[in-house]
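Multiple structures are listed underneath, in structure tokens.
In what comes next, chain A is part of two complexes: it sits with chain B in the first one and with chain C in the second one.
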Partner chain A sequence: MARIAVGRSIPRVDADEKLRGAAKYLDDNRLPDCLYGVTVRSTIAYGTVKSIEFDPCCPWKDTVIARAVDIPGENCVAAIEADQPLLAPGRVMHPMEPILLVAHPDRNMVWQAPRHVKITYEEMEPVLSIEDSLSAKQLLRGQDNVFKSYLIEKGDIKKGFAAAEYIVEGEYRTPPQEHAYIEPHAMAAWVEKNGTIVVMGSMQCPYYVQKALKRIFPGGNIRVIQAVTGGAFGGKEDYPSMLAGHAALLAVKSRRPVKMLYDRAEDMAATTKRHPSVVRHRTGLTKDGKLVAQDIDVVFDGGAYLTLSPVVLSRGTLHAAGPYECPHVRVRSRAVATNTPPNGAFRGFGAPQTLFAVEAHWEKIAAETGLDPLKLRRKNLVKEGSCLATGQVLRESVGATEVLERCVKDSAYEKKRRRYAVLNKKPGPVWKGIGLALVHHGPGFTGSGEVMLASRAAVSLDRAGVVWVLAATTEMGQGEITVLTQIVAETLGLDPALVRVAAPDTDRVPDSGPTVASRTTMIIGGILMKAALKLKDKVALELGSFPTTAKGLECAGRRLAAKGEISFEGVYEKPPDIQWDENAYKGDAYGVYGYEAIAVDLEVDRTTYEVKVKAAFTATDVGRAVHPAMVRGQIAGGTVQGLGWALIENPVFSKGSMANNQFTNYTIPTFTDAPSLTLEIVEKPYSRGPFGAKGIGELPHNAPAPAVVAAVRNATGLLIPDLPVLPEKICHEFIRKKGRTQ
Partner chain B sequence: MAREACDKALVITVNGRRRAYKGPPFKRLLDVLREDFGLTGAKEGCGEGECGACTVLLDHAPVASCLVPASQAEGRRVDTVESLARSKALSPLQKSFMEEAASQCGICTPGILLTAWSWVKSGGSADPQAIREYLSGNLCRCTGYQSIVDAVVKTVRRSKKESLIRRQVSPHDYLPPRGGGK
Partner chain C sequence: MRGIPASMKVFKAGSPAQALKLLADHPLAVPIAGGTDFMVAWNMGLLNEKSVLDLSGIREWTRVEETPSGLRAGALATHAELRDHPVVRRRFPLLAQACASVGSVQIQNRGTIGGNIANASPAGDTFPALAVYDARVSVAGRDGMRSIPFVDSFAGVKKTILGQAELISAVDIPFPSAKPDRQVFRKVGTRTSQAISKTVAAGLLWLGKGGIVKEMRFSLGSMAPTVRRLRAAEGYLAGRRLTPDVVDTAAQLLAKDVSPIDDFRSTAEYRLEVSRNILRSFLAPN
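The block that comes next holds the complex of A and B.
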């Protein structure tokens, strides 16, 4: 059937105002009479505040100062637990922890305030690494510093190893990664005449912010509005709750509107990062390379507070065995506490770390057994009917084979491997290498998460005949407004121009859950389809048929919505055959998975060991591409972020604090770092996704890093098991190898 | 005395209109545009000339307006993203960006459009590698750059075909000085 909207790359709904420079990001909104707020932060990693002194030379009478004692309700930023304070009440758990807030009418003056607040501390020995935390010499949390642990068991790991011809062990490490959205965190707050606290800002999850503020301001009426958001990638999932609490606290105390705008340095040093990880693999294989045992140990550094670590770890754990079938699997995982700023959500949410390990481990296996990494993947990858580590049987929409073969063909992988082997033996300025990775990603919340969220979204018709999409789902660049427009338009048989998406405002839209976990198209799109069908049925019942022209809709609006818009809500309903046991960690961890294969073609300079990615080829199973150009945009963006993580993004921490918190020395890929990309979309429709669609946002970030490691090994013969693959590491590895052979 | 206003107003031609600015002469051009002239298209992404979100054209050449003091723009011509679409219709460059879905979150878009526009206007080629080099002072974290390069290539091809570009200037006239940020 020809489609009106779905499957077509229509102009992005938000493109016009963004291309004119007319889109209003938070700081583009003028707030009359507003103050500017700044945060005074801890300069130590661990200890207690002894005294706070205000420099008497400063005109403090012109400022508004808010401290922990000014908080009317609980001093917490509620997420999974409420262990993180809004303002450190005395004990400091990490560098850059907020201690007090200052607001002033002059945005150029207020920045100087923190320098004139002298805080003295009684310092304690901080825990600054995963190893320190596991040693439990200094206890930050419970008796073992462990925030959360999981265990997945399938078959009998001992039996598996007993049947193995080869047993290969490896350890893989990944660093924190900065989101580097180009718009730093920004939030405004004010109090309405009726006492309602309004916050507006750059955020992913308006209802998370509202939930957190309700505990800080109990009994208060709280309205949260998303401003146009200049990138997020997970970085604006939980931290905006903190910032909103700060802005609202200053607004309540000063009775004036308050804007809080982080500059780049503060944003990088204070806000969340991707969890650093250490993952160990012990793998048993038969003589011909069939997996018989996978024993995997995962440790994530959660930072100083629990925040989102349990769920990040959960996703990491559930993806740790890769898109492969193995009869005997054990995955043990822990998230531990350290005195560093809490790590949080970042595109992939734990999966890139564990998939890096399992994919890079194929190279170790290949090195030790002499088997070919491509053949190993072909032999073990999941197909329809395969059973994952949790016992989940994959019933449909399994594109692993298709994406792998497509990618191998597009990239001429096998031919290049042969060619580079010859080329690299000859003299020349560079070594060439090509490497593969195959990954999966489960879109939507893990396990019973979607059931607990019980997300709602609505479609309405107003008096003017406009069809509205009402959802708390936020646009952060991924194209949500356009995709939801397409899904509703297609369902109603309308031109997309006749459908509008309401701006996320907790006073106007229902709680559709957070805009995270690659869930928007698949989950919210599905709920909206149901809501749209209800509207269609109602209108058709009243008028005989559902109009599909602007004129017809106007007429319908006048007749049916004269006294107010008619609105129909959809709620998430779990398909009955999806079963998940939270306690045993068994069953259908995700309703479905997306699959991607990537081949990275690169050069390593023989003198400087600098790695230059020349091209990347991806093939991605997205179920159904609702908007092919934006799907490619997601894949391209995720790929380049993944390449940055793999090669150049190198956060340096000193005493628990990020030392290179600038774009000058924390470098992200530029136009010239990014390679030319060949992006293939593979469609294996998912029966439960709207028009067959599966989530796509995070999947592309999972693939590039292990493919880089494989390609560098192909080029140099060296396996670099910790990211980023810097020239220094290649150099050290050469020296180490030489030392050994001499 | 960066914070003290000078008595004389600075005259800057912004988007073809002569405008007077009275205030501290070392106020950043970015802040003058956003706060004094109400033109919020240019964004602050880093405040140190690395990201290019604040790019504007100063006498046709792209500069990071967070590094330019207002006094340096005196008597000169400044073009911001607001000048690209002359009326309701988008410019050919903006249209190509729309067709290629080359703006995602959009925060880097104004700066990238201006750098790209200076490339197109000065008769830059459709070679993707040359375009990448020229745009490399502008960061984007969403797109992976591919769609932006495609959009610029498309614009250059179209403009050459329709010979919209009358004034031929070497693109190298606009290349930023080496190591000079933007």
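The block that comes next holds the complex of A and C.
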């Protein structure tokens, strides 16, 4: 069927404003009489505040200071729990923890203030690593420092190992990762004449912010507006609740508008990172490489407070066994406390860490058994009817085989793997390597998460004949305004130019849940389709048919919306056959999965051990590409971001604090680091997704890192099991093995 | 941004004489040329309440000219100008390559050779090239000009030997007496562009009859508080044939002139090993 909007790469709705520089990011909004707020933060990892002194040399009369005692409600940033204080009340749990706030009318001068606040501490021995936390010598949380643990069991691993010809063990580590969105955190707050507290800022989840502020300002009316947001990647899921609380507290105290704008150094040192991980595998295989047992132990470093760690860990746990079928599986996982800033959401949300381990482990298995990693994957990958570790049976839209075979063909993987092995024995300036990974990703909230969110979104027609999309879903650069426009336009049979997406504002749009978890196209798109159909039926009922021209809509608007817009809401409804048992961790963890295979073709310099990725080939099953150009954009971006994590992003922590909190020394890929990309879209439609679509935002970040490790092994013979695969690690490995390298 | 413009005083010099006078009157003023290092410090608020001496308007110091004995690059010549200059490309290709490896194209367009030297970072990308070309730095002071060997112009990390009232006016690079038989420039950064060096190397080699080394010059950056010439290895190689044992010994001697450290960007072990690899493959190419 020919489509008007879906499946076509229409111009991005927000492109014009952004290209002209007309889009208003938070700081572009002028707020008369505004103050600028900064945060005075802890300089120690763990201890108690003994005293706070304000240097009398500083002109404090021009400033407004807010402390924990100024908080009218609870001193917390409510998320899953409320254990994180808005301002440290006396006990300091991590470096860069907010202690008090200072506001000043001069945005540059205000930075002077923190230097004139002298805080003395009684320091305690901090817990700075996963190992220290697990040893529980110092207790930060409960009796074991464990925020959350999960257990998945399928079959009986004892039986599985008993039947195994080979048993292979491995340990894999991943570092924190910085989101490096273009726009650092930014938030403004003011109090309206009627007492409403308004916050506006760079964020992913306006209703999360509202929920958090209701605990801080009980009984108050809270309105949250998303400003144009310059990137997020998960980094603006939970932290904006903290920053909004700070800005609002200063605004309430000063009775003036307050802006808080982090600079890069503060943003990198104070805000969330991807959870560091240690994952151990013990795997049993038959003689011909069939999986018979997977015993997997996962530990994530949650940082000092619980924040989102239980759900990040959940996704990591549910993806830990990879897109493979194995009769006997046990996954045990824990998120533990350390005295570092809380780790948070980051594209992939725990899955890149555990998928890195399971995929890199194929190389270890190959090394120990002599079996080929591609054949091993072919033998074990999931197909329609396969049963995952949670007992979930995959009923439809399983593109694992297609993406793997497409990628292997496009990249000439098998030919290159053989050719490079010969080439690398001859002299030359580089060693060449190619490596594979096959990954999956469940879009939408885990388990019964979508049921609990009960997301709502609406489509309306106003008096002027404009069709509005009303959702709290936020545009952060990923293209959701365009995709939702396409889905609603297609449903109504309209030119996309006749549909507009309202800016997220809790006074105007319903709670569509957070903009996370690759859920927007699939879940919110689906809800909007239902809402649009209701509008279509209503208009058709009144007017005989639904108009498809601007004139016709104007006419319909005049007749039907004279007294105000007519609006129809859709609500998430769980498909009846999706079943999840939260206690047993059994059942349909996700409604469906997306699949991606990648081949990374690279060179390792024989003189410097620098790794240069020459080309990456991906094949990705997205169900249905609503906007093919933006789907490719997501895959390209996720691939390069994943390569950065795999190879060059090296966060250095010193006493719990990020020491290289600047782009000079925390190096993310530049354009010149990006390889040539061949991106294939595979479409295995999902019956519950709008027009067959599955979520795509996070999946591409899961794949590159293990493929890099495999390619480096192909090039050098070395299996580097901890990211990033720095030239230093390759060099040290060679020195350890041979004493000298050339 | 943590820089407070209102707290800073800017003096703008239109000529060398005026610059020296202003510096004499305001000895604590921070000179600014292209501003690529200055702005980073400014953004962090490190230059608040300081005065600034703006040199960017001194036309005399922007010239790049060929002299009978070599090249004279004014202190305000940008990396981009040197990178593209025909004489630099023909006679000092290692300097052209070094300039092309500095930061990004934007940084190359703004950053100056004099500013690069004055900033005295241990990782200055042009430094090993200037060191092997035996460049000299012209320094203007109240008592006139003096010329110092480039390799001796640094006192330590971020420190030059310039007096308080002195400014760099030019860099003089003499033509080598003969075309080198081999040359190398190699920057090893944290990524392919916009990177600070983990190690950066430049080397020139002249061979005589029978493959006897007439002269070898080799210099490393990011391997010590200041850029270093490998005096021990250079002295050892002169008059020797490049046998595997000789190359090995030279690579071992490399350590005599450097003292690499562990930092954010790399490790001492890696820096040493890779610098040795670069020297080895320069002396004994496959």
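The definition used in the following text is that the second predicted complex is superposed on the first by the 738 of 742 C-alpha atoms of A that agree within 3 Å, B and C clash if a C-alpha of one lies under 4 Å from a C-alpha of the other, contacts with A are read in each partner's own complex, and residues count from 1 in each chain.
Note that in this section a residue touches a chain if its C-beta (ideal position, glycine included) is under 8 Å from a C-beta of that chain, and two chains touch if they have at least 3 such contacts.
All values reported here derive from a predicted model rather than from experimental measurement.
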item	value
Which of chain B and chain C A:641 touches, first, second, both or neither	first
Chain touching more of chain A, residue-wise (chain B, chain C)	B
Touched partner set for A:731, first chain B, second chain C, both or neither	second
First, second, both or neither for A:51, with chain B first and chain C second	neither
Chain B versus chain C as contact partner of A:180, first or second or both or neither	first
Chain B versus chain C as contact partner of A:112, first or second or both or neither	second
Partner chain in contact with A:143 - chain B first, chain C second, else both or neither	neither
Partner chain(s) touched by A:18 [first = chain B, second = chain C, both, neither]	first
First (chain B), second (chain C), both or neither touched by A:228	first
Touching partner for A:608 - first (chain B), second (chain C), both, neither	second
Residues of chain A contacting chain B in one complex and chain C in the other	108, 263, 664, 669-670, 672
Chain C residues touching chain A - in the complex, by the definition given at the top	1-6, 40, 43-45, 48, 104, 186, 188, 190-196, 264-267, 269-270, 273-274, 277-278, 280-281, 286
Complex contact set, residues of chain B against chain A	3, 34, 39-48, 50-51, 53, 80-82, 84-85, 90, 94, 97-101, 103-110, 113, 128, 131-133, 135-149
Chain B-facing residues of chain A, complex	9, 11-12, 14-16, 18-25, 27-28, 108, 179-184, 228-233, 263-264, 476-479, 627, 629-630, 632-633, 635-641, 662-664, 668-672, 674, 676-677, 679
Chain A residues touching chain C - in the complex, by the definition given at the top	106, 108-109, 111-112, 263, 265, 427-428, 606-610, 612, 648, 650, 652, 659-660, 664-665, 667, 669-670, 672-673, 727-728, 731-732, 735, 741-742
